[in-house]
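After this come two complexes, each holding chain A, first together with chain B and then together with chain C.
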Partner chain A sequence: MFAYVMRRLAVAIPTLLLLIIISYILMHFAPGGPFSKDREVPAAVLANLNAKYGLDDPLWKQIWDYLYGIVVHFDFGPSFVYPDLTVNQLIAKGFPVTLTYGILSFLLAVLVGVMLGVTAAIWHNSWLDYLAVGISIGAQVLPNFVMAPILLLIFTLWYRLLPGGGWSFSDPTFWIMPIIALATSYMASITRITRSSMLEVLGSNHIRTARAKGMPERRVILRHALKPAMLPVISYLGPVFVSMITGSVVIDMFFSTGGIGKSFVDSALNRDYAVMMGVTILLGTLTILFNLLVDILYVWIDPKIRY
Partner chain B sequence: MTKFLATTALVAVLSLPVYAAQPAEGEKLAEDQSLSFWILDAIKTLDPQLTESRTDSDMIRQLFEGLMTQDDTGAMVPGMAESHDISDDKLTYTFHLRDAKWSNGDPVTAGDFVYAWRRAADPETASEYAWFVELMNLENATAVVKGEASPEELGVTAIDDKTLEVKLSKPTPYFLKTLDHATTYPAPQKVIEEHGQQWTQPGNLVGNGAYVLKSHDLGVKATAVKNDQYYDAENTIIDEVNFITVNDQNIALTRYQAGEIDWFNLIPAGQYPKLKEEFPDEAISVPWACSYGYVFNLSEKGPEALKDLRVRQALSYAIDRDIIVDKVLQGGQKPAYYWTHWAMEGFEEPEIEMANWTQPERMEKARELLTEAGYGPDNPLKLKLMYNTSEDHKKIAIAVQQFWKAIGVELTLENYEWKVFVDKGNNQDFEVQRYAWCADYNEASTFLDWFRTDGDNNGMWSNEEYDQLLADAATEENPAENYKKMEQLLIGDMALAPVYHYAQPNMIKPDLRGVPLDNVMGDWYAKNLYRVAE
Partner chain C sequence: MMIEQAKMQSLADRMVQDDVKGRSPWADARKRFFRNKAAIVGLPLLVLVVLFALFGEFFAVWSNEELDFAVMGQVAQMGAPSIENGHYFGTDDLGRDLFSRTVQGTQISMMVGVVGAAIAMIVGTLYGAAAGFIGGRVDQIMMRLVDILMSIPYMFVLILMLVMFGRSIGMLFLGIGMISWLEMSRIVRGQTLSLKNREFIEAARATGVPGWKIITRHIVPNLLGVVAVYATLLVPLMILTESFISFLGLGIQEPLTSLGALISEGADTITYGTIWQLAFPLFFFVITLFAFFFIGDGLRDALDPKDR
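On to the complex of A and B.
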């Protein structure tokens, strides 16, 4: 197991390196640059800007300097669009916000989703099942960009219960709407996957055996059914967790959270190379890490899996 | 050198101490004097010499003050400079500074302006707005920006702490109007040298404006509070200004209605009439100094067809501007038959033939001209229209596609994201391009300069007489006549098809007073506003 983890980590480094190089090259060849402006920047100023940010160097040198800065100084460079901030500062400002609402929203989606899915499977074809499936379909057809304005209308405009946007770490009322809006559609998927997986497990041989032994139903479900039923759910949750904690441009836009999701999209549109690279690396690293974590979880859940 | 007062507005205002919030008699001030202003995007920078965005400038204007400021009609009034003299040749301006302090208590000196202006022009700073110093025609500006002269050679000198001398390379009638642009605000050298690029962070930032930065949460909210060191602090009523970022206009409108935002200045297209009906006291549309049009590519890279004046005229005539303004935008915009925004100070409306025709007349002429030019059902004119991603541009483009279809033009719409759009425009890689220009200062030349032979004009239209009229306008006592002739040349040759003049449809809370609705530039100072008790 230990050797496996080490091996995976060893592969992760070249993967990340490749990701950086390919992203950098793709970005470089995208039409328009950070300083393409409606009113053309005078040639002399443009030359200075390019020199200031090292954009006049050959591509290989740019990539080398960039990597050197990260590895040696953990410095992701200055933002081209927000001259007051470095990429490190931008990420340090936005990522904690995203992480907060991402994790809480993930927990909400998993708790409610698994609960609904298990309920639906146990009372298969009963009104409880229909209710759970109904909620899940309802949530599925309400993507966050529809959910957000609806929540805002209800809680901010009509009932004046919650602030309509903004962020404060000390005041959880700012967190509620982003968390709910982000969680709903994920919750729906989790419900569906849990339900079908649970149904399959409940129909399998070892469950029939357990029931035949006269084991109480409660124990059958908690000890014998739940764990194997979680396997497909967990492989779904790995990437979902990463995508939730790395932010959602919709949530950031509608609730003005200042999260990293909006910065990422903006950086691509603004050709803010440094920010774009910084967030790409953050996302890439998290994806690799959590995929590994999911693989390790598999072993714990299903003893049949060995590496 | 003669003592010379630039404008009548200046004379009028000199009798008052400064321009400030002036509640009318009988108005009772509200307990809460905080103001929340909506902004669409995150503030990119609060560094006056680096900013290039209108959003940033709206906040920077509260934190810093230039030599001049504007009253609520947009007329220039004394700011940091109490008075000024202009030499007979109009090349030397001498500004006499008032006693004022930075927010850290240091006096504001002429040297702070010299430092700031040099900083803006210095290639080392790499400011994207370095060209503004060139626009001001400061002596040696172009050479300094190009790196051919040292910043010390820029035409700005501190005679003493209270006297600033500015030398221009040529007479510039709009010079005083540039003095309220962020690029020209003074900068605190000591603070910038101490903190480097971190000097604009809350706690570090030192300004000379009516407010001082308290917090800045990128993409969420920035707050400025009253600056006690400000020379007119005793007449400043609003004590806290919040800039709230909401990236979606409809959400912003909801938050306005929920009372979280007091002033929202960009109602989405099509929604103004309904809001005006529902909130007649709050929905207010005012003219705003930007113009929108379709630019024809007349360069070598442009299509042959567009080089024929008859084709350009036909295309321009066929656009039903009333439909665009009344049915698509619906926010108080006006149809445009010339380029300069109609409300610019001192601008007189030019006589433009097509403006007086009815739309059926225009359509008839358009068909005739197109047939004359050799296009018809057997040989339809095919063109491409480039616009950047936006619902509003798309709606207008689709309308124009229909208008042009009616005269037998097959128009293909090409949508690009902003950076690609800008690149293609600057490199003449388009046939017809949607374009908009917003005034840098309140005078017609800011619009007309775009079509100067070496100007920014993406369509590469060029006309010697036009260039001469523009150059002459700089020394004319009354350049309005020149501007009129220039518009006639521009439209006579249909360098572009003007479409509409902007308006700014606002939602303003009824207790907020002093909003400068008559300032076509849309610039405002929180120190001139106040809230009344309802």
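On to the complex of A and C.
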């Protein structure tokens, strides 16, 4: 097990480095630097600015300094557009918000999805099954950027039940719409995957054996069916996590939650490359770590896999 | 609905009974496809959307760029859908006809979906087939590269690229195509590995056919089933990706538009009470996705009956 984790880490770290280097090179060769404004800046000023941010060094040295700052000091450098803010400060402001609704909607999608899927599989071809399948088919074509305006229309404009935007850590009514909007379409996919894998497992020989020896149905499902049926779901969690991170951009824009996605879009529109890269790298790291975690979980649950 | 199902079932049963002579796997698959209720719903939906995209402009009274000055400025009161002034779907907040905008948006979304899927299909198939066919260390390296690329959050890299190199359709295609071939190449490689040792490949090798020709002439045609199913399921994903990017304002630029961009506009103006701006693009978006998902799933089940 230890060797397996180490081997996976050995792939994860170069991936991360590659991500940083690719983003930096993209930024370097992009036409128009961060300081090219509508009004022409005098050449001397531009040179000074470049010197201050180290942009006149050779490319390899810039990349090295950048990597060194991140690895040794966990420092993503200053923002190019807001000179009095560092990238770290911007991230520290938005990240807790993103994390809060991100984790909650991830849990919502996984728990409700698995529950719906298992229910549908146990009562296969009953009205419960059709209901669950119906919900999941409907929800599949409602990605976050479609779900958000619909929710807003219903709950804020028509019924005036929930606040239409903003964020407060102490008032959960602000959390409801972002969480539901983000979770819906993933809940649908998880339901579908759980249902079909559970159906497959319930039809397999070891379940028939367990039933034949008179084991109570509840125990059959909880002890013998659930674990193998979860394997395809677990391998799907990685992609879900990535898309949810991406979806947080939409949530932040739509509900003005002030999360990290907001900084990303703002920096993208302002050409604030430092912030953009900081966010990309942070989220990339999270993604890679999460994938690692999923792989370990998978190996741990599935005894058939040799590592 | 119940009667329909029973009818379909009996019809399908009779079709099976009539056909006692040897059937090809393709005929079998076709039969299973048409027995799939969802696929049967999906097919006419798709035809409908395609017809709308292709011929919708002939019914439009206004072009997609004209501003209707009678409506402009009081869209909420006068821009609602109506037959009389020719705005079947109403107007947007600038007074442009939403019907022809939706036609155009559907066209572009479909195009992005199909082109994106085509890029993924070509690159992914060739890459995967090459890796599987060559095998050994080359295969190892090629697939490890795919693993690494897959664990990068591509949406962010794509947004980075769109910001840095300008927002053009070409860049969008390149970016979307780049994300999507990875999964395809994995599937194709797996298929190729199992095809590689079959007799007809051996025969081709024995008669001295060069490697790339074996890949393009003998391996790729045998992958078509899998590739076609995967491509059908990729189209809606491409449409979703493009809509996401357009929603952020980084995708298709004015005067062109896509369903994602229209939904975004509709969502922005929702507080003015112009709900049609959201409803019509959303409707076409949803049925397009439904149609492709249904048909893709139906094709997969039809070609792979055990996986149901």
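Going forward, the second predicted complex is superposed on the first by the 292 of 307 C-alpha atoms of A that agree within 3 Å, B and C clash if a C-alpha of one lies under 4 Å from a C-alpha of the other, contacts with A are read in each partner's own complex, and residues count from 1 in each chain.
Operating definition for what follows: a residue touches a chain if its C-beta (ideal position, glycine included) is under 8 Å from a C-beta of that chain, and two chains touch if they have at least 3 such contacts.
This is a predicted model, so every value here is computed, not measured.
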Chain C versus chain B on the shared chain A, clash or fit after superposition: clash
Partner chain(s) touched by A:231 [first = chain B, second = chain C, both, neither]: neither
Contacts of A:18 with chain B and chain C, given as first, second, both or neither: second
Which of chain B and chain C A:253 touches, first, second, both or neither: both
Which superposed partner A:283 touches (first chain B, second chain C, both, neither): second
Which of chain B and chain C A:263 touches, first, second, both or neither: first
First, second, both or neither for A:153, with chain B first and chain C second: both
Partner chain in contact with A:99 - chain B first, chain C second, else both or neither: neither
Contacts of A:245 with chain B and chain C, given as first, second, both or neither: second
Which superposed partner A:294 touches (first chain B, second chain C, both, neither): neither
From 25-33, 61-69, 205-213 or 223-231, the chain C stretch with C-alpha clashes against chain B: 61-69
Chain B and chain C contact sites that coincide on chain A, given as residue numbers: 30-31, 148-149, 152-153, 157, 253-254, 269, 271
Residues on chain A engaged by chain C in the complex (per definition of touch): 11-12, 14-15, 18-19, 22-23, 26-27, 29-31, 137, 140-143, 145-146, 148-149, 152-153, 157, 196, 242-243, 245-246, 249-250, 253-254, 264-265, 268-269, 271, 276-277, 279-280, 283-284, 287-288, 291
In the complex, chain C residues that touch chain A: 144, 147-148, 151-153, 155-157, 159-161, 163-166, 240, 243-244, 247-250, 260, 263-264, 266-267, 270-271, 275, 278, 282, 285-286, 289-290, 293, 308
Touching residues on chain A, where the partner in the complex is chain B: 30-33, 35-42, 44-45, 48-49, 51-52, 78, 81-85, 90, 93-94, 148-149, 152-153, 156-157, 160, 163-167, 252-254, 256-258, 262-263, 266, 269-271
Contact footprint of chain A on chain B as seen in their complex: 42, 44-47, 50, 52, 123-124, 126-128, 130-131, 134, 145-147, 197-198, 200-201, 217-221, 244-248, 250-251, 254-255, 257-260, 417-420, 422-423, 425-426, 456
